[in-house]
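Right, one structure below, let's go through it.
Chain IDs A, B, C and D follow the sequence of writing; residue 1 opens each chain.
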Amino acid sequence: MTTGRMEAFSDGVLAIIITIMVLELRLPDGSTFASLRTVWPSLLAYVLSFVYIAIYWVNHHHLLKTVDHVTGGILWANLDLLFWLSLLPFVTRWMSVEHFALVPVVTYGIVLGLAGVAYSILQIVIIRSQGPDSALRGAIGRDVKGTLSVVLFVVGAALAFVETWIALACYAVVAIMWLVPDRRLEPVIGGHGTGPAG
Amino acid sequence: MTTGRMEAFSDGVLAIIITIMVLELRLPDGSTFASLRTVWPSLLAYVLSFVYIAIYWVNHHHLLKTVDHVTGGILWANLDLLFWLSLLPFVTRWMSVEHFALVPVVTYGIVLGLAGVAYSILQIVIIRSQGPDSALRGAIGRDVKGTLSVVLFVVGAALAFVETWIALACYAVVAIMWLVPDRRLEPVIGGHGTGPAG
Amino acid sequence: MTTGRMEAFSDGVLAIIITIMVLELRLPDGSTFASLRTVWPSLLAYVLSFVYIAIYWVNHHHLLKTVDHVTGGILWANLDLLFWLSLLPFVTRWMSVEHFALVPVVTYGIVLGLAGVAYSILQIVIIRSQGPDSALRGAIGRDVKGTLSVVLFVVGAALAFVETWIALACYAVVAIMWLVPDRRLEPVIGGHGTGPAG
Amino acid sequence: MTTGRMEAFSDGVLAIIITIMVLELRLPDGSTFASLRTVWPSLLAYVLSFVYIAIYWVNHHHLLKTVDHVTGGILWANLDLLFWLSLLPFVTRWMSVEHFALVPVVTYGIVLGLAGVAYSILQIVIIRSQGPDSALRGAIGRDVKGTLSVVLFVVGAALAFVETWIALACYAVVAIMWLVPDRRLEPVIGGHGTGPAG
C-alpha cells in the first residue's frame, strides 16, 4: 500500500480547508476604503489560518516522503490530523465574528494545539511502523521546534486570559518559527522535526 | 481502464463532503465557554458524520486495491455510493438544526443505510466483473460485519420512534465497530468485508 | 504534454460542482415527514443535476482516454466545458427556489444545451489535433445520440412555454438515454459518441 | 522532490477557487427573464474571475513543466500565489454586491496585480533554483507580456478613479491578451513568458 491515495485525499482536504475560509470572510459594509478597515481583523485571522494550513501541508508533504508503506494506523492518525485541521475554518470564523474575544481566541489555540498533538501522534505511528531503523526518527531528532510549538500554544492560550493579543502573538510566533528557517525544507527532512507540534 | 481517475474523483468528492460539513456548523451565540455548549450537539453530529466519511474513504481505498479493470457498471455503482454519501452533509445539518428530533434522526439512519446498500452493490458489481476467481469475494467471505451494520441501521432507525438517542447510539456503534479492529486494514483485505454494509 | 493534470483539474472541478449543490439544498421547515415533502422538488433538481455531472464525468473520462497529446486548444475547450457546467449549481438553485417556474426551467435547459455544445467543441478540437487518423472520429461515428441530446434540450426548452414539466421530462430523457445503454462504456469508446451533445 | 504533489495541491486549490465563486452568485429576484438582467453584473464579474483563474491554471501548468526539482522556496512562492488568488472570490463578490463601485473595482485590480507579482516571484525563485542554464529564463525572455499586464493593472486601478468601467476594460484586456495568442501554449513554453505578470 503506497502513500498515493492518502496524499491525494489529504491534499484535497487541505486544499478545501484553505480555500473555504475565504467563503466565510464577511464583506465590508459599504464600498469605501474605510469600510475595508472593518474587515481587517477577519482578513488577519484568514491570513494566520492560511499560513497554518500551508505550513501543515508543506510539513505533511515532507513527512510522507519518509513513508514507504502505509498501515491502517497511519491512515487513521492522518484522518485524526485532518479532523482537527477541519475545525480551523470554524474557529477562525468564530474568532473573527466575535472580534478576537477571549474564549474564541483560547479555543483557536486549543484547536491548533490539538492539531499539533495529532501531527505528533502521526509521526509516532509512522516511526513505529518503520521499526528500529526508522528514517523519520533520525530526521526528527529531539524535535526542539515541535516541543516549543506546543509550549507556545499552551502558554499563548493561558496568556489570553491576561490579554488576547498576547495569545495571538504567540500563535503568530509559532507560524513565523516554521516559516523562517527554510533549511529544513531542502534535504529529505532537516533536523528540526517536520511539524508544528512534531 | 485503470482505477486511477475513479479514485481521484472519489477522493475529491469525499474530501469535499468531509470538509464542507464544517461550513454548516453554526457559530455559538456569543463568545463564552457556555455559548460553546449550545453548539455541542452540532459538533457531535459533525464528528459522527466525519467518522463515517472517513470509514468509507478507508474502506473504499482498500476495496479498489482489489480492482484491476474498471467497467462502466463499476463507475456507476461508485457514483451511486457517492450520491448517497453526498446527502450526509444535508441530513447532518437538518439533524443539528432540529436538535436531533425524531424524523431527522430517522432520515439520517436511512441515508446511512442506503449508502451501505450502495457500497454493497458496488462490491457485487466488482465481484461480477472479476468472474469466478474474484479476489474480492474471497476477501469479503460471509461479510458478518457488513450485514450487522445494515441490521443496526434498520434497528436504530426503528428504535428512534422509542427514543432518538438509542438510534444515535446504534449509529455510533456501527462506526466504532468499523474503527476498532484495525486488523482488517493491514493485509490486502481482511476477512471482515470492506465496508459498513458490505 | 500528457493529459494528467488536465484530468486532475477537471476531476477537481467536477467533484466540487457535484458536491456543492448539496450545500444549497434548503432544509425542510420543520422536523416532520411532511416537512420533507416540501423539499422534494429541490431534491429532485439535485438528483437531476447530480446525474448530469456524473454523466459528463464518465464521458469525459472516456473521451480523454483517446487523447495522447494535449494542445492549448484542448485545454481551453475543456475550460469552456467546465465553465458551463459550473453554472449548473446556480441554475439548479434558481429552479428549486422558484419552484420550477418557466424561465428558470428554460434557463436550466439552455445551460445544459450550451454545456453540450462545449462538449461537442471539445470533441472537434481533439479530432483536429489527432489529424486524419483520429481515433476519436472513428469512435464517435455519426454521433446520433449526441445530436439527439441537443435536439431534446432545444425542444424541451421550447415546450417549457407550453408546460414546464414537459421540459423537465425532456431533460430527464436525455439523462436516461445516456445512463441506460452501458455498452458504450465498456470498450475504449463505443459507437454512440461520448457525450450528451457529442 | 518532484512537482507531483505541488501540482495536485495547486490544482485542488484552483479548482475550488474557480468553482466556489458560483456559490456566491446571488439568485435573481424573481423568475422572469427581466430578473435575470439584474444578475448580469455579477455574472460578468464571475466570467472575468473564472477566465483569470483559468489563465493562471494554464500558465501554472506550463510553468511547472520546466521544473524538475522542487525546493522549499518554490513551495512557498507557490503558496503565496495561491493566497492572492484565494482572495479573488472575495473581491469578486464585493465588486458584484457593490455594483462595481470605485473602491471594490480598485481592490479587485490590486489583488490581481499582487497575484501577478506573486507569479513573477515564483518564476524568479524557479529560475534561481535552476542555476545559470535555467530553461525557464530562456523561455521567458524579456517577458513583454508579463510586464505589460502589470502596467495595465496599475493603470487600470488608477483610471478607476476617473471611470470604473475603464478599469474593468483594462482588466479584460489583460485577460484577452493572454487568451488570444495561443502559440505560447503549444511548445514547451513560448517566447512570451508564462503568466499575467511573469
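The working rule: a contact is a pair of C-beta atoms (placed from the backbone, for glycine too) under 8 Å apart; a residue touches a chain by one contact, two chains touch by 3 or more.
Owing to the predicted nature of the structure, the values given are computational and were not obtained by experimental measurement.
Novice: By mean C-alpha coordinates, which chain is most distant from chain D?
Specialist: It is B whose centre lies farthest from that of chain D.
Novice: Examine where the copies chain C and chain D touch and state whether the two sides share over half of their residue numbers (same) or under half (different).
Specialist: Because under half of the interface numbers appear in both copies, chain D and chain C meet with different residues.
Novice: Using CA atom averages as chain centres, what separation in Å is found between chain A and chain C?
Specialist: 38
Novice: Whole-Å distance, chain A centre to chain B centre, using C-alpha means?
Specialist: Computed from C-alpha means, the inter-chain centre distance equals 27 Å.
Novice: Among the residues of chain D, which ones contact at least 2 other chains?
Specialist: Touching at least two other chains: 8, 12, 15-16, 20, 23.
Novice: Could you list, by residue number, the parts of chain B that touch chain A in their complex?
Specialist: My answer: residues 7-8, 11-12, 14-16, 18-20, 22-23, 25, 27-28, 30-33, 35-36, 47, 50, 54, 57-58, 61, 65, 179, 182, 184-186.
Novice: Considering the complex alone, what residue numbers of chain B touch chain C?
Specialist: Per the stated touch rule, the residues are 1, 5-6, 8-9, 12-13, 15-17, 20, 23-24, 71-73, 75-76, 79, 82-83, 86-87, 89-90, 93-94, 97-98, 101-104, 107.
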